[in-house]
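Quick heads-up: structures coming right below.
Same chain, two partners: chain A is paired with chain B first, then with chain C.
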Partner chain A sequence: MPFGLGIAKGMMVTLRNLARKPVTVQYPEQRVTQNPRFRGEDFVWYEERCTGCASCAKYCPQGIIKIVTSPSGEQTQEGEKYKLETFDIEIARCMFCGLCVEACPYDALHMGTGFERAMPRKSDLVITVDELRASAKRPSTWFRPQLQDRGYDPASGEEVSWQDAGREATVAPTYDDMLKRWVEKR
Partner chain B sequence: MESSFDKNALFANLNDIFLDLLPESLSWMAYLGTGLTIILIMVNAVLMLTAFGTYMERRVLGRFQTRLGPNRVGPFGLLQPLADLLKLITKEDLRPESADKITFFLAPVLMVTSMLVVVAVVPFGKDSFLADLNIGVLYLVGIPTIATVSMFLGGWGSGNRFALLGAARAVAMLISYEVPMIVSLAGILILAGSMSLVDVVQAQQIPFILLQPIAFFVFLVSASAEMNRSPFDLMEAESELTAGFHTEFSGMRFGLLQLAEFGEVVVTSAILATLFLRGWENPFIPADWQQVLPPQLWLIGKMLFFMLIFTWIRATLPRMRIDQVMAFAWKVLFPLALINMFVTAALVVAWPDPTYTQLWIMVGVNWAVAIGCLTGYTLSRGRHRQKPTESVRLVQIPAEVN
Partner chain C sequence: MALPSESITINLGPQHPSTHGVFRIRVTLDGEVIQDIEPIFGYLHRGTEKLAEERTYTQIVTLTDRLDYTSSMINNQAYVMATEKLAGLEVPERAQYLRVLTAELQRVASHLMGIGFFLQDLGAMGTPLMYCFRERERILDLFEMICGARVTVSYMRPGGVTQEPPPEFWPALKELLSEFPHYIDELERLILENEIVVARTKGVGLLPRELAIDSSISGPNLRASGVAWDLRKADPYDVYGRMDFDIPVGSNGDSYDRFLVRVMEIHQSLRIVEQCVQQIPDGPIRSEVPYFFRPPPGDAYAHVEASKGELGFYLVSDGGIAPYRCKIRAPSFINLTALTEMLLGWKVADLMVIFGSLDVNMGEVDR
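Up next, the complex of A and B:
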């Protein structure tokens, strides 16, 4: 191989790259398609499903979920539900492990889809209960196979009502199923 | 004084305008005003081209790496150099405690000055230039050497060991590369028979890039070494020396150093275009071709072409080691330049006044010599024969070791 041919080859490689289309995505105008299982920063919370058990707060490795409840809710007579006074998620320290979502026994807490919560101050990076109540209900399908099975995609902008968010909405057991599970197995 | 500007029509016209404007008693000011006006035009042209050069380099480098490059500031990102300038001006101008005040101040200023002053001899047209020195080529190789001194001033004056190491490397490398650069120019001077750049351009019946392929290669390589650009940017090797001699510079001082670095690309492109691509005239082979563009635009177009080539080289080649760089200068480029000089001299002795056909024979001989050099070098390295496995030798381990 003559001396200098390697350099010539390398120059041709870069020249070929010059003719290629740039792979850059111009972010604010263009966006890459987001995976429906993306774990975003805005949590989706269904107050109707939440009992105030605070499992999420207990399972949070960072201890950033603060829950204060009071027995002043509607169904407290039956001992079913507490009213949530405070539900603060300090998103600045969140590492998006999703353990709170895994821990929720009632499918009330879901990961969100957003990623654009840049703030000038760290103290602003707290999701309060009012914000959780008011935010759009577009949960990520992460750890929520029932949403995935239904073909729901958060990127489509479709909102999920609290009746549809749970596992029973897709896999509602009939009386026969329950018999099979609880009686015939024993 | 008047005689040296006789053929400079740009100077004569401007001088007439100033003489009309000024009263009789102040006619000496016309001379001064004309000179300063031309200097103003030239310096601003170079600075604007440098600003555009940084933008173009970043855009093209981006495309070489399949990304877009700066495109946010202004239409197509054209105002990016302005934004960079604003950023650098508003930054704090720090001077380390251990720095030498005078040299630290002097280094960026000297560097930019030495870059700008070179343009004085570059002709932008048959009658438009700042000065037509009869030792123009000597000036071209002499003045940029001030940049070497300023680099060492900056590196030494910073009081920083990285800066000093970078400066030492830069000086060692630049002095080595001066030698093949100057010797490669000897071939051109022999052919042109003059050191004036206007004469060099007018002597190019065939562009010297065809007549002097070895000289072009040697000059291109040494020039990119002189500019401290990739693959010879080891004086500011980020992985070893943080930023070389400008480690301690910040704010507009750093901006000046960057300006000098990118300005040298523009200036060197102008020199390359003048020496090898027929300067302000059209670069095509029939020399009596109609002038399509004004001469200034031809030169700027050629400068952009060479700037693109320098960007291409920067996008491709990785940084060399210091011993490789030195060996390349002394063992490859210097002999090549010498061979080229002797071959050209022999050809000119054979045909002191070559006709067009004889020039083409010269082209053939020079290319044959270039290819011969390449083949000879390849054979002497013996790369084509050696297989990688042959270099591996099995070593018998003595029994007593086990």
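Up next, the complex of A and C:
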């Protein structure tokens, strides 16, 4: 093979690529489309669904979820409702593995979609319970097949109410239903 | 007339653009010729093995993502296989196919990165690396579709995989499979016959067959030295036994062969992915495994053919929720054993070529 043919062949490839459209995205102005399952920060949390069982805190490999509850005296279908005093997620140490979301038995905690949370101080990187209450309810469909089956995409901007986020039937069982089920189980 | 010369010791790294992480080599040079080298590592040590002793078996999956961060899926697979062996868990067939499918996609992504950085080390600034990254990006997009993350996937769990791929995954994979061979051909045309690449890599950094075996080198580096040893064939795990693929083998064991074997392996990996898509059965993707499970006291070792070589996890259980000991056989680390023999006598300009051709990943070397 004559010397230089290999380089010439390679140059043909680069020439052809010169005519292609760029694949890069000019980030702050343009954004890539996120997949619905993207595991992002800004956790979505439904207080109505949360019982304060702290499964998420127990399952977290980093141990960054802090939950403090107290009995509220309020009776619901599932039993006595616990009041959540603290629900702190120390997002600075979070690695977005999604194990807390996988663990949540009541579908109260969902992954979010954000990825822009640069802060000057590490102490600002804590998601508090007030922030969780106020945050937009656009959950990622990671480990939530019920949302995915409905074709939900958090990028659409549509918010999901707490009644629609669960994996159980849309109509919540009544207290009598629960009691009957419990008696049958025993 | 020979000029009187004195040897000089220089430090390469730990912060060097071509060391793929924080790796330091103390090189003793006589003029341009390498007389002695001393590899120094540990700058990226995070204590993964120790951390594993205080995580539950499921939580350790997240640690394995961060070993060789260019092939997280394969690390996940190796770890969950060791756990399943230890606890005697069943894995549904569909989950096994999904594991093989994602692991092979990950191998393609990892090899593309290895090739790209190798060429970058040769001085081909930018172009081939960016071409490789462009194709790798498509695979990472698929990973984001399946499991919500691109690099730190945490997709597999003891007893299966986390989730069923979404419906749009299959058409996307089909499109990728139809376009990818074209991209790889293009990459081959760009670089394989390039006279500069050939001149700089052919015959450089020879790793003879005997030395490769004696220093326990595995993976593409061993196969480039002419040993057809691949754990996917030698000890088939998951559903690799049903797959039809070849083991590309090099003949000389030089840097060019190591590079060539990686390019050939991409084709074979794509073949395996295609067969997975055809054969995958319906069914459950995860057997019922509680989050906190206690394997019976004992030990288990599972190894897989990772993108860099044989990746093994040795787990010892004392009956608790966390392993008593977790030993990781990291292929990148062991592939560095023959570095001194390979480098002695070569010029300092060849150092990065030889080191780059080994395709080591510091996250795995230091663990």
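The rule is simple: the second predicted complex is superposed on the first by the 161 of 186 C-alpha atoms of A that agree within 3 Å, B and C clash if a C-alpha of one lies under 4 Å from a C-alpha of the other, contacts with A are read in each partner's own complex, and residues count from 1 in each chain.
Here is the rule we use: a residue touches a chain if its C-beta (ideal position, glycine included) is under 8 Å from a C-beta of that chain, and two chains touch if they have at least 3 such contacts.
Computed from a predicted structure; not experimentally measured.
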Problem - chain B versus chain C as contact partner of A:Gly4, first or second or both or neither - result: both
Practice task
Scan A:Val23 for contacts with chain B and chain C and give back first, second, both or neither.
Solution key: both
Handout entry: Contacts of A:Leu15 with chain B and chain C, given as first, second, both or neither
Key = first
Exercise for the section: Have a look at where A:Phe143 lands relative to chain B and chain C in the superposition and call it first, second, both or neither. Expected result: second
Handout entry: Which superposed partner A:Phe38 touches (first chain B, second chain C, both, neither)
Key = second
Exercise for the section: Going by the touch definition up top, name the partner, chain B or chain C, that contacts more of chain A. Expected result: C
Exercise for the section: Identify the overlap between the chain B-contacting and the chain C-contacting residues of chain A. Expected result: 1, 3-4, 7, 10, 13-14, 17, 23
Fill in the blank from the handout: Within the complex, chain B is touched by chain A residues 1-4, 7, 10-11, 13-15, 17-18, 20-24, 26
Problem - chain A residues touching chain C - in the complex, by the definition given at the top - result: 1, 3-7, 9-10, 12-14, 16-17, 23, 34-39, 59, 61, 95-99, 102-103, 111, 140-143, 145, 148
Handout entry: Parts of chain C lying in touch with chain A, wherever the complex brings them together
Key = 55, 58-59, 61-63, 65, 127, 131, 134, 137, 141, 144-149, 152, 154, 162-164, 166, 186, 189-198, 291
Problem - chain B to chain A touching residues, read off their complex - result: 60, 62-68, 312-313, 315-317, 374-375, 377-378, 381, 383-384
